[in-house]
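Report on the following structure.
As written, the chains take the letters A, B, C and D, and residue 1 is the first residue of each chain.
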Amino acid sequence: MAAERSAGAGGAGLVTAGIDAGIAYTKVVILKDGAVVGRGIGPTGGVDRRERIEEAYQRALEDAGLDAGEVKGVVVTGKGKHDAGFAGKRISELLATKRAVERMSPGATCLVSAGADETIVSASAGEGGAGEYAFNQKCSAGLGLFLEYMADRLSMDIGELSSLADGVAAPEASQAAEGVAIPEAAKAGEAAVNEGCVVFAELDALSLLNHGVSPADVGRAVNRAAAARVSAVINDITYPSADRVVLVGGLAKNNAFVRALETLSGIKLTVPDDAEYAGALGAALAAADSAQ
Amino acid sequence: MKNKQIWETRPLEFWDKAKELRARWQESSSDAKRVLGQGSTYDIDWAECFPAMNIVEDNPGGSMIQAKDSPYARKCRLASEIRGWGREICGYTNNLWGSMYLGYEQDGLPFPPRKFVVFMPAECDQHTKRGQQCRDFAPVPGWMSDCTIYLGEDDPVRDELFREHKVYCNFKQINDLERIFGQKFDDEKLSKMMDYSEEVIEYSRDIIMLMGRTIPSPLSVKDLYSVYTIGHLTKVDPEDTVNFWKMVRDEVQWRADNQIAAVGNERFRWVEAHPPSWHFLKYYRYMEKYGAVCLGSQYTAQNCGLLEYKPDGGIDRRVSMKYPKDTPIATREDALRMMLGPDPREPRAWKSDEYIRQDSIVEFADIMRADGALLPLWRGGVGCTLTRKEQAMRLRKAGLSVIYYEGSQPGDRTDLDEQRFLDQLDTWMESFGYEMLD
Amino acid sequence: MVLQYAKWPEIQWMSDDAGWKEAKTITAGVDIGTTSAQAAVVADGQLAAYAGIRAGTDFRKTADEVMALALGASGITLERLSAVGATGFGKRNAAFATESLDEVSCHGKGARFIYGSEVTTVVDLGAQTVTAIKLYEWDRVWDFAMNDICATGMGRNIEMVCDLLHVPIGEIGEYSLDLGGKPDPEPVSTTCYNYAGTETMGLFRPEFRGDTLNGNEICASHLFAVAWRVLGVIGKLQSLEPGDIKVEGKLGFTGGLAHNAGVTRRIERELDTTALTSEYDPMLAGAIGAALLVLPEAAERGGVR
Amino acid sequence: MSAEATITRGADALGAAFDFKSLVDKRHDYARAWKAKTGGKVLGWFEPYFPEEIAYAAGMLPVRILARHEVDDISDKWIYSSCYPVRDMVNQLLKGRYDYVDGLVNVEGCQWMYNAFEVMMNNRESLFYHYLFLPDYTNAATSKDVAKNEFAVLADRFKGWTGKSITDADLDAAIEVYNHNRLLLRRINELRRADRPVISGSEMMNLVLADQVMDKAEMNVILEDFIKELGLRKPGPDKIRLMIVGSETWDARLEELVEAQGANVVADELDNGTSYYWNNVLPQEDRLMALALRYLGRPHSALKDNNYRRRPQHIFELAEDFNVDGVLLEKQIYCHSHGSDMYAVWKMLRERYIPYHYFERGSLLPEDETAARLEAFLSMLKPGLNHLAGWHKKFGED
């Protein structure tokens, strides 16, 4: 499954689509001869999921200026992958992301995918190992949703939450939280929320607001808590392969989170462009593989 | 990689007999409306030895409530919760004693009040405390024992003391029961049941080794689970039980000799660490579509003494109980000593020590020629969960692919996200490039 | 996408009877919750005005806003109020309050006002916290139980699930009850709302379900789990004697989720009872209770501050 | 305060304040300083049934491994589930916060705690490890023999490790120090029975926690001084009297929250609280048997209270003796021993009309949420239609 095969010598005019129907958003990528020619994004929905996924797909086709009839293969991934009736094959999020990262960031030894719902870490084979992957435990599901809700609660958009890190050094892990730290530590700029559970984290964040801690400080604490959860999944790998770690998924767009994760884990992260489209790109590449 | 049928498969012939035995057990246990006591031990076969007392064991009760009637199980757990029990406490416990708190059983008939309880020795902390519920509920006599353990090399002095401690506990249980209830304990049965049990275990050992050493495996654990309890938790006539297990062993042997597969498209073999969620055994069949077969778990293969450590440090088929068969049994204590065996630290695979629980799964996987391991992470059971993460690390070091799934406990469906579990199985198989058989 | 479907209407009401402004003792109560805030004005024991809004980032601003909204165009100023009781998670931010009150007493008192003296079990269904309160025949708390910390955030989780499912929060309850005569499907996780949320979003998958669940059934599976968790709180008030879960006397719901029939009906069904209904909005219980609890002392002082 | 200064004996080092909380906070510095000064070994222990006297007689400093939360992204790798305190322990141990500890001992008890112990065995192989079996069935006729022998094995292993035998005189001296320590703690605790105690619940909890990480001989000097100081204190105002029962706690945050509401914790039944020092060793010629009987006979922890029940009665006696108005039942999430022991406690409290409030907690308390519970519970315990009836003016105010 070499990346070059589809990226380079594809059949003339081969158009494929990849759909990543996540718990919150559906991302679509249209590939033509290995090059991305269209993208689409929209809410995945629930009771209207089929229509919403199709909508996002149509949006991407429009973006590409193509017609559905021209698409030779559609592969779907993501939590909603069973609800895209029009698509051909389904592949797992792990496979799709791996496939995309081979293309987006060749030479990656470890990928971290952190999205609205799930966190996946996949490390390439170390010495003699077979390569391994880890999922988040249920207790830390929904990190992206949590951050999105917190941003709303803090009257920020996700971009503002993301820019919080600028100029502020994340505290060292050891100092970060000695208790929920209300309000004394909060005053000292060490506001922290529970990093073990998003439900508790939310309660703590509300407590901080209740005690007059600034939304910016709460936002930082929330980003750090999310970073600790993702870091825990990274640490779950028995044979880490951290030479070149690539972060994709919706959370990759949150700079503050990315920096907090780097500080906590001590790992330098590479964030490719369009990181949130990784799953969709991987699915489109997989579609190209099978169409050839 | 699409897959297709490679080996011949055949329906299992012992299946009808198993159904018959189970039906017979059901029939006899429907008498259990007059249950007197709650026996909770691996050691003494209370039901056989105190025939008039109609003693039931608690483990199957709790798990069957969930498997048979989910809404009722939910009610049971709620009944426990609102009387002070943690929601993360073992589902077997909360199901079983929940029905006591509700006051009625699945079929609507009154919950038979227990007249006494014998606690299970403490392999798992939640077993240790499982007997007290009915004693706190209403004052009835109860007895307990200990799960004695130490780390490191065998220590004869400690062995001796621990053994005598356990003998004393069992001895007191029996004597007190006789004294209080005026029933005679059948000492002969005690020895006889040990023999029967050893015979059944002998056949089980054969079966496990045949599954491990044969490709394709003649039997999957899915099949094994449907007969697994016969003779252990599902009590029927001892001789019938032994004959049944001989029948199973013979058939498995024949299948192995003739390359009859449990899963015709077998191409991936995996082991587990613990019982599955009893209400959701479907995932075995789901995995079969990928050509994946499960060969058992530490639970099926090690806890009942099927395998043992050899002097060279490896793990292999257990020869037999180490106590010589011709040791004279003059007294009840002798019989109990004999029953407990020479190693008072057993069963160690349950109660973790510094290496057994973590390492032995690697050896087990090796015997089973497994490619991967699926480890359940049971939130609601300390004994169910201890060391799982370390097991995964060691299995990975041995080159196996390991995944987990999370749930409450084998007898509690609450937190098993079935769809997420199946998605993760898909991911697992896809990571090997396997596709489902259409 | 956040909160597109989870929006619920903000409220403001004032008595038509302008006479209340002349009352001897006017008191107010504010209930500053994690997600919503209510204020109620009571004139000589009669409900005169109220307001309810969504809590913002700044709890202090939220408290000021909801109080101002309740007083509205009445011309009554804060200074005219003889006493203001504050309750709820964010009560410390009601700088204008004269008394700080616990939530349980306020909801108990408020429920007595809303449902009358026959209510003996009050279940407050809040955004973060669920509280069950047992009252004596007189207005005194007998016992109460709150949700386990692991089961925090019920109301908030329903909001999130509504957003993800694309079902308006005002309608999810009705949808969940419209199953064409079929019984409720198995509930999703009854342990943690975060588990429940993600599990719910996975229910669309068709395989391995005898019947694929439709949208209404998925709503039902979620709300059933929610209701079941609430039962775990209510049941802690009952005797330890054997038997099914039950409540003694009449049941009344308060809090934002009292509006969600998908939750309340299921609780009623399991408890084999029918909850009391009222012309008043049960969301106001905390605020009304606070206003009433500060009333006696204020009246004793002759209505002066 | 430098690490060196903290081990200076007596009240001088502490100032008049007797700041036990800071002793707990600086326990790592204290142990390192102790080691530097004495050259002895520090032994970490996990379970309330560990016979510290034996380690003390062997010249070691036994310190309890206390949970303390800090950002945790590594314990998931080693353990699943498990209560937060145990996770915190694993997190701290793996992060080297206890790098001065030379050995770890675990006693048959909570399996989560055992998990923390065994994760360390697989992580720091150079340490001394011992697992001591103390019967869960504490009352069997043979239990005391098993316990005594286990203690002998422990003493033997210490000898193999340190190269020094533990003599009867060593044991006598250690028992003497520990008995004296427990007596002093009981004396202080007894002051909480007063209508208006001179010691607060948080102070008492911090004191007991500090006691478990310090050299007892040193602590005894401090305690003697502290008792003198207590004699000079004026009684505080009348307050609602609460008792805490449940899972082990590792700080005094709950007590502090109670105090912030104008009430006081006057009693507890916690393994880290009164149960730690409740009973003494009754000396006999067979020293190890005397120790075995002391540990088997201490107030049962929830996990070991599973055959003939003692805990409910003990809790009741404490509640009555200390004249408590209400009981806070706290359970750590995932605490199986208390998660399966509450029914009997609820039952006893209900039968005897002692009000209680039950709640779950993690190692961190969600403070606003907990405060809301406490406020409502206290309001329920105060006389009057509601707490505005004027009675609160008597409580919490001078």
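Worth pointing out:
Methods note: a residue touches a chain if its C-beta (ideal position, glycine included) is under 8 Å from a C-beta of that chain, and two chains touch if they have at least 3 such contacts.
Bear in mind that the values here come from a model prediction, so they are computed numbers and not experimental data.
Between subunit C and subunit D, the least number of touch steps comes to 1.
Considering every other chain in turn, the ones in contact with both subunit A and subunit B prove to be C, D. By C-beta pair count, the most extensively touching chains are B-D.
Subunit A and subunit C have centres, each the mean of its CA atoms, that are 36 Å apart.
Centroids of subunit B and subunit C (each the mean of its C-alpha atoms) stand 46 Å apart.
Centre-to-centre spacing of subunit A and subunit D amounts to 44 Å, using the average Cα coordinate of each chain. Within subunit D, residues 76-77, 80, 333, 343, 346-347, 358, 360, 362, 366, 368-369 each touch two or more of the remaining chains.
Across the assembly, subunit C contributes residues 89, 128, 148-150, 152, 192, 195, 198, 202, 205, 207, 236, 240 that each touch 2 or more other chains.
Annotation for subunit A: residues touching 2 or more other chains are 79, 137-138, 200, 203, 206, 210.
A complete topology is adopted by the chain contact network, contact being made between every pair of chains.
Within the complex formed with subunit D, the residues of subunit A that make contact are 137, 173-174, 176-180, 182, 192, 194-196, 200, 203-204, 206-207, 210, 224, 228-229, 231-233, 235-236, 264-265. Residues of subunit B that touch subunit A in their complex: 377, 392-393, 396-397, 399, 401-402, 404, 406, 415, 417, 420, 423-424, 426-427, 430-431. On subunit C, the positions that touch subunit D within their shared complex are 89, 99, 101-105, 109, 128-129, 131, 138-141, 143-146, 148-150, 152, 236, 239-240, 293-294, 296-297.
Interface of subunit A with subunit B (complex): residues 79, 91-95, 128-130, 132-133, 135, 137-138, 238-239.
Residues 1-3, 34, 56-60, 89-90, 92-93, 128, 149-150, 152-153, 156, 160, 164-167, 192-195, 197-198, 201-202, 204-207, 215, 218 of subunit C touch subunit A in their complex.
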